[in-house]
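These notes concern the structure reproduced below.
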């Protein structure tokens, strides 16, 4: 099995739109937007692909930083951005379709911004 | 044996009593054959009776109490239509009573003010307008051959009607598919899980009301197959065989065609069946009227 | 008052075994507006990585979805193996391919059946599922499970298939091929089906690509994305044929899947021919430290498992981006202006798997 | 384009025997390695509780003091993990699936393993 | 009392009432006058029935010269009036047509009228009696209803000038003209009354004085004037053919040979087609729906448009068996089918009623055009049943409109909860229009049985079958709308006035009763009339009648089953909403966390049954047919 | 044996299951298992159904629809929980969005274990449910009778 060549470029939030625009112009498709909580910071990965060429850009932000939506370039990004908002509580600005927190309704608010949940639910029998 | 004026009444009574049994049995055979076509064992032969028995054991949950009235009217007028037919009444009157009963079913669906029933009702109406002209043309065709709209006269006719009305017969089979609620025309409701609009017209009927609808269907089956009989009335054996073949054909169609959309249904029933019927009648008309 | 009808489509609706939720606004039978909503199956198990050792998480990854269970397990394992630089034995890689392709057969047959049902062709549904049982039998005979196989683990596979069994499987495929041929002919040829599928839910090549369509949804529009071409597992040693269709309608998507059935059986035959002898797993020591985006081709398209470890037994993050999630935006585009009767057909044409999507 | 592509198949199926397995009159489909339910052999269990730790759905509770081994079959995902991991091979997978029940319960087994006396 | 006195009374009494109404401005007086005159006219029409039903055709001589002079004078004044209005509103077409018509009239008066004198200016037969009953009972009921309606109307529409004195005056003048029209034996008189109805209709359509109303009124005027011109040409043709003027005697014209009557028959039928708003002239009737609803009920469904078909039915024996007749019948049949189809795409209740009216008028003309004895019988049946059911529906819609402020069918959802009594009346009215065993279906049935033996009947049966099924569609979906049970509604029909209720009750009763006693009506009025003309007549088979009456009784018993279900039943459950909960205010949990309102509307299938497209097709077909008829006519004349 | 037991119609609701049990329910309808032998029809409409087959661990958003579907079924009705997720939440028990078992929302009559539950197992479960269905019917009849006598007295 040959491992895939994956590059990840870290950039500043301010440069996000510009970088995404470049990908869009070069004809990349948006593979995913994913968020990871590392310590107190959040890493957001924007993954793009063109002809099996996989590119990542990453922004690292604090939980209350507002992230601009890339739905201007990629119409389908709303699905990831809403998810990011509902699971991590990251505010996203200017989504084309904004579910306003009803995309995924969870019992715990912003579950992925919480520390590991320790309560064990289910029957005790 | 029976005094002359009571013969029609006798036939009507026989229909009222026997038709549900026969209809249920037909439905049972239908399900069995369908299952075999799908490589399954299928339900017991008497399953439709179990189903209806079950439905009457259930709670009568209604969205509005007026549903009861519409469903009852549906059954009653379906019985009236069938009884009129089998007692030898006027075909056109039978057709009007038949339409009346269906309108009640549609109204029952409308009454519940639910999206799925509503869409089902609209589609049922589309089906009604699709099949009605063809059924009227069938009656007209019968008239042109036998010079009577009365089922009793048509029944007694020694003429092999089918030979004069092949186009009408095929057209009738097309609309029969609509009426038997079989694919490709099972738009408004169907027996199995209906993928587009849940159960369409019957979505919001439950328990005994649904059971009544089912019984009305049985009455309807017998009536509709009775019309096939008329085409072959001169020979009862051929008539029975024709009904069996036609019904098997309907089951086969049901199993080998996808559901169509309403536009195509309307087109099939109006353009294809209508043209078949009209051309047939036109030729007949020409032969009878113009060439004496 | 406008002549509109609001139809609450789902969460409970007979067309799909899964809860999907659409608000349809109709004018007559034409859909003028469709507003989707998801979240009925969101369990949030990605967060369980914080509590399960990375070797045990595979049991959860497998249960992401009951249809493509094996692919999820395998993708997860491969991702971990990439981070940890584990060299998985050849035989295990081939076995993973074989099971993946059986999964694809099972998934596509299941889909063909459901799809047939969505346009009211019950007999075809029954037939497709009848053939699918043969595939499931093979699955059960080789892994012990019908739908949740559980035969993948980090570092290899948990079960071997004997060579005799492999030969028997390959031989059996001929019969299955024949049955599938009969089945797919109906899908591809029957005019009543064409009436329901042609020019329904059309999405252009450009839209499909830019809206992020993957898998058969993209390939139906002529976008030749097939992650198997990346050559993960043993795919780099097999000849993977990418099936594409150009129309971008439901028929094309159906055709892609119907034809992929045969590429799958072909791949299985190739793998059976090439599979080497040897061990099926390797002992895993240590813990993953690093991250990787593992991409694999699920029956529904490109699947991405993002895994990030920090050197402990517990991963920091597992994120599963499933093909259905990324196929939802194209779906929304497809549904605009269709007819009510087409809604189930179009929704099913992307082969939605909501439980994957929402995790 | 063709009409009635399905007719041939449908008619063929009518005359053929149905493929249905008449369960429960006929036996269920099963293979020798089908995962049905976990069987516990109390005679072999060395109370190491690895199975409990490795169970992904925490269906197994082993109590060393009470010498009991409990499995909640309504939690067990029959993943075979415990069977694979068991060092004393006291667990194995039966092919018969757990029967439906009207109440959820826990199956408790006693551990009867006696540590063999050290040969001295 | 002599029958002649009754006739004169029927013509003159409304005229006198009209004069009073024009002057009186107090509501209570007006109401009183309207109600008293209604009762009086009703009684006199019934007396006419009692005295005249068994007399066959009676001819009466009334001093012709002075009356004719007066009529000519009035017509000239009206022409000047129209010309003025036409210039004021810049409607050149109307001006041209009225000038043309007036010119023809003047030319006729100066060149021919001198040696023409018709002895028997008035006549009465069973058909006239039927028409008189429709005018005298249904027409006056509508007038009574109008009093209350117009009061509410003006309360709701403050912007419209209150000219109720003129309104009621016109209504009664119109009644007088209608009576005159059905009793006149002198074609010139018929023409005079014909013109009066046209102008009444014109003025009443324009009542609200809005731009739309004015435009539509002129549209109606132009089209009717076109018919008037044709009528005038027919008169002149007759005058030229027989300078003695014997042919002006309608009864004489109809009973003498076809040869001479055919040309005027076709011309007058053309006039009838314009008046009955058949295609291609249907647009004026649809446009006329801007008028206050009682006007639509009175003029544009139950009486005035019936004048158009009345005259065609009169000429049916002349048309029977001719190609021209067949063409006119085809125009009617085409109109029936296309108007029925177009009604499917309409959501405006009055437009649906308008199209349904056009369709049924088309059907009547189809029957009359083919003109065999049994079709004549059917045509008259249709006239009766349609007048009753349709006026009931119009009045119901009017009442509903005044309560809910909309005439859109989509706003009538849940009417059964909000206005239960009106909803049930509408239900019965609609059932009367398309369900067995009510009147219209009886007629359609009879039509099928009659067409089947008629020449080229197959074409008409096919059109009837397809058009008829469209009728089922648009009526049922409307019916479904009003009977759907919505939960959050309150009853709002308490404010409806007593006299309005009375009118509605009577009309509802009539729908049912006329259906029950129609065998009687048929045997007393229609069959003798048809027998008199053709020497044979049609009737439904006795067995069928029994069954139909049984069905009707069954239908009336069925609602009592509701009582049985009422007690001990569980409370209703919410409808199936795909697993989403719905609250009592008809809102359900929608996407994006919003609460969405459940909205249901009917199908209108605009793409298939769209008004514009179908009108284009239907109108071109009918123009084509009329053109052929015109060419054939020229052939006959030359 | 009443009609109720000969004609149990089912409705299936997926309350956040992984699909495994759901496709096995569907598989039970297909030729190899063919539950229509027992008169079972998948109605897809709670108003027509007698048995609710429920799968999945019930997440936050599914509680209301599940309850709604259950409420819309006319009496007598039974609930069969399919799969271990439906019983206890199974492997997802600890997830933040999972309620853990159908019985947290609606009363359950029969539990069918398995991950995924096999079609045979589902058939067994439905057959078990039939007995309960009959009991419930009798109970309903008794209640109905007592209700009607009350009405009579009043």
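For clarity, chains are labelled A, B, C, D, E and F in written order, and residue numbers in each chain start from 1.
Throughout what follows, a contact is a pair of C-beta atoms (placed from the backbone, for glycine too) under 8 Å apart; a residue touches a chain by one contact, two chains touch by 3 or more.
Owing to the predicted nature of the structure, the values given are computational and were not obtained by experimental measurement.
Identify the chains in contact with subunit C as well as subunit E, in label order.
Chains touching both subunit C and subunit E: A, B, F.
Measuring centre to centre with C-alpha atoms, which chain is farthest from subunit B?
The most distant chain relative to subunit B turns out to be A.
Quick one: most central chain, C-alpha centroids?
If we average C-alpha coordinates per chain, B lands closest to the whole-structure average.
Quick check: more C-beta contact pairs at B-E or at B-C?
B-E
Could you put a whole-Å number on the gap between the CA centroids of subunit A and subunit F?
Each chain's C-alpha centroid was found; their separation is 39 Å.
Just curious, how far off is subunit F from subunit B if you go by their C-alpha centres, in Å?
34
How many angstrom between the C-alpha centroids of subunit D and subunit B?
Chain centroid spacing, subunit B to subunit D, equals 52 Å.
Distance from the CA centroid of subunit E to that of subunit F, rounded to the nearest Å?
59
Give the residues of subunit B that touch two or more other chains, as numbers and ranges in rising order.
35, 37-42, 59-61, 115-116, 118, 192-194, 198, 203-204, 255-257
Going by the contact rule already set, what residues in subunit C reach two or more other chains?
Within subunit C, residues 5-6, 8, 11-14, 19, 29, 37, 39, 42, 44, 47, 51, 59-60, 63, 121, 123-124, 126-127, 130, 133, 148, 190, 192 contact more than one other chain.
So which bits of subunit F are touching at least two other chains?
In subunit F, the residues touching two or more other chains are 13, 30-32, 34, 37, 42-47, 59-61, 65, 68-69, 72, 88, 91, 93-94, 96-98, 115, 118.
Under the touch definition given earlier, write down the residues of subunit F that touch subunit E in their complex.
Counting only subunit F, the residues touching subunit E are 13, 45-47, 64-66, 68-69, 71-72, 147-148, 151.
Residues of subunit F touching subunit A in their complex?
By the definition above, subunit F touches subunit A via 59-61, 88-89, 93-94, 96-101.
For the complex, give me every residue of subunit A touching subunit C.
Going by the criterion above, the answer is residues 1-4, 6, 29-32, 34-38, 45, 47, 52, 54, 56, 74-76, 78-79, 87, 99, 102-106, 111-112, 116-117.
For the complex, which residues does subunit B have touching subunit F?
Within the complex, subunit B contacts subunit F at residues 31, 35, 38-44, 47, 49-54, 56-61, 191-194, 198-199, 202-207, 210.
Using the touch rule from the top, collect the residues of subunit A that touch subunit E in their complex.
That would be residues 99-102, 105 of subunit A.
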